[in-house]
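First subunit A sits with subunit B, and in the next complex the same chain sits with subunit C.
Moving on, here comes the complex of A and B:
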């Protein structure tokens, strides 16, 4: 399978656990709307539980879940919005990508005056810039 | 990956896109003027500016966090310093000083010697009750609310009213715990 996407999918969950953005890249790990909503709310709860169970004081929740067929990297902003990517096992630099996606979110979603906070994201500029970011990430991977 | 080091206000200020300061100042002036025409009452304008600031603040906080790489503040004192040194620099191009702490560390003042919003402003007699920069206090209230701090922000000194600086008092009302379960009524 040539040029397989390292990133399978991207999710953004608002602070109450609702899925506000979902996008898949390539064929692997594709989900229908119901499954993606289910995964998002599952992750939200697991993340919350992990914070409570962790022996580490003031733990900020799971950052990486490694499975046989995928890795899940999660980044939670201090405002409670969670960004997570599902990617090929062992994919590097996902923290950086998530951080960059957070910046894109602040620029192209939050600054859009017609975006309603906590609601599903339908912003074309965000989509375009996101596609570029993920693409660049892929190019960087191929270049190595 | 080691945590990314927080960036200074100056570093962010030079790297983000900026607009001409005059355009910004004049646009804000036009908004205040329009509000005065529409609402007629000065008190209503104060309220509206605060609300507009709040709406900006709840969105702006994420940009601030994303671009400054600051991590969770240990206490309200650190929060105030970060707002004054990084936040104000990043969005307004000026820094504030933090003074007048009360004994239990929940109330302080942010003092602005320089404020680009008022560059050309002279308050007429008919608008004496107007807090021209009330949008700023709204921004701070909104931004802090999104990181679980309920605050009250009031103006103590205002150069447009003849004081020697702008001073706003930030009072921490309560810190909403971030732990689950969230209470539904909050």
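Moving on, here comes the complex of A and C:
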């Protein structure tokens, strides 16, 4: 396995489907801003439709999408903010990473008086701690 | 009520002992309250200097009360009268009660005789706060600077106290320094006391 990142990219979308955070971790298919915005709102709609289509009552939407070339793990918080990572197929512990990212979001974004709700996230402390989290995750993966 | 057997209920608030009670409050609860305070004050001002001043004023009220309480609780109704005494009181006693730890360092300014600095690697109030680039050198530590000014002023050591970010080599995040500049009269009195 090459030293390529197991996590390809991370998205955070607000409850109305707007992309408020996007981070690329060196995936092959790099996207420009427009593409990432489009993908975010597309995922938002698909997620909503999946809730309606599910035969199981009170379904919370897609949690994992598996494709030939990538896995997409999604976590939705109680307030409707969605966190999702695109990663290498078969990558483990992504639920844990998403929960951790949610924790960082509640700490360094929501407790920051200069952050406006539902707006794009520009918080230095969030970036620093996120980088550490993804790094740690990468180390855990390489150590296996 | 849990633990009601041990607690004596006082009908008059003045009869209640000034015991330490439960020492800690939730950091999250504090962080949200502080965040709201900053946001509210932001809506009331036109510029950053004004915001800094309002935060400092809020801290001043806390400082005045903290001094009163701690002199009674920790010092047997005595207060420090010497410069170094009051500084170490702020650096250790006040810091420990408010933030659960002694401040990282207390230094004398190198350039001026009347300047002292209390430094913190990570100030508790700044734990979750990222200052946007367009706000320049603004530091929410202004609130803590206000607390320090409140303590000093009410103890008879009028001073100008400000909070600054100071970059540290090899560290991603700057530390916060609380700069204390004492009034002339304080130094004159101190010299007289010898």
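The criterion applied here is as follows: the second predicted complex is superposed on the first by the 142 of 144 C-alpha atoms of A that agree within 3 Å, B and C clash if a C-alpha of one lies under 4 Å from a C-alpha of the other, contacts with A are read in each partner's own complex, and residues count from 1 in each chain.
Here, a contact is a pair of C-beta atoms (placed from the backbone, for glycine too) under 8 Å apart; a residue touches a chain by one contact, two chains touch by 3 or more.
Just so you know, these numbers come straight off a predicted model, no measurement behind them.
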A:35 in the overlay: touching subunit B, subunit C, both, or neither? Say first, second, both or neither.
neither
Is A:118 touching anything from subunit B or subunit C once the two structures are fitted on A? First, second, both or neither.
neither
Per the contact definition in the header, classify A:107: touching subunit B only (first), subunit C only (second), both, or neither.
both
When both complexes are superposed, which of subunit B and subunit C contacts more residues belonging to subunit A?
B
Using the touch definition from the top, say if A:128 reaches subunit B (first), subunit C (second), both or neither.
second
Taking the superposition as given, does A:99 touch the first partner, subunit B, the second, subunit C, both, or neither?
first
Residue by residue on subunit A, keep only those touching subunit B in one complex and subunit C in the other, then list them.
107, 111
Sort out for me which residues of subunit B touch subunit A in the complex.
1, 4, 58-63, 65-67, 71-72, 146-147, 178-180, 182
Can you check the complex and tell me which residues of subunit A touch subunit C?
107-108, 111-114, 122-126, 128
Contact residues on subunit C for subunit A in the complex?
28, 31-32, 34-39, 42, 128-132, 135, 140, 172-173
Within their complex, subunit A touches subunit B through residues 16, 48, 51-52, 77-81, 95-96, 99, 102-103, 105-107, 110-111, 117
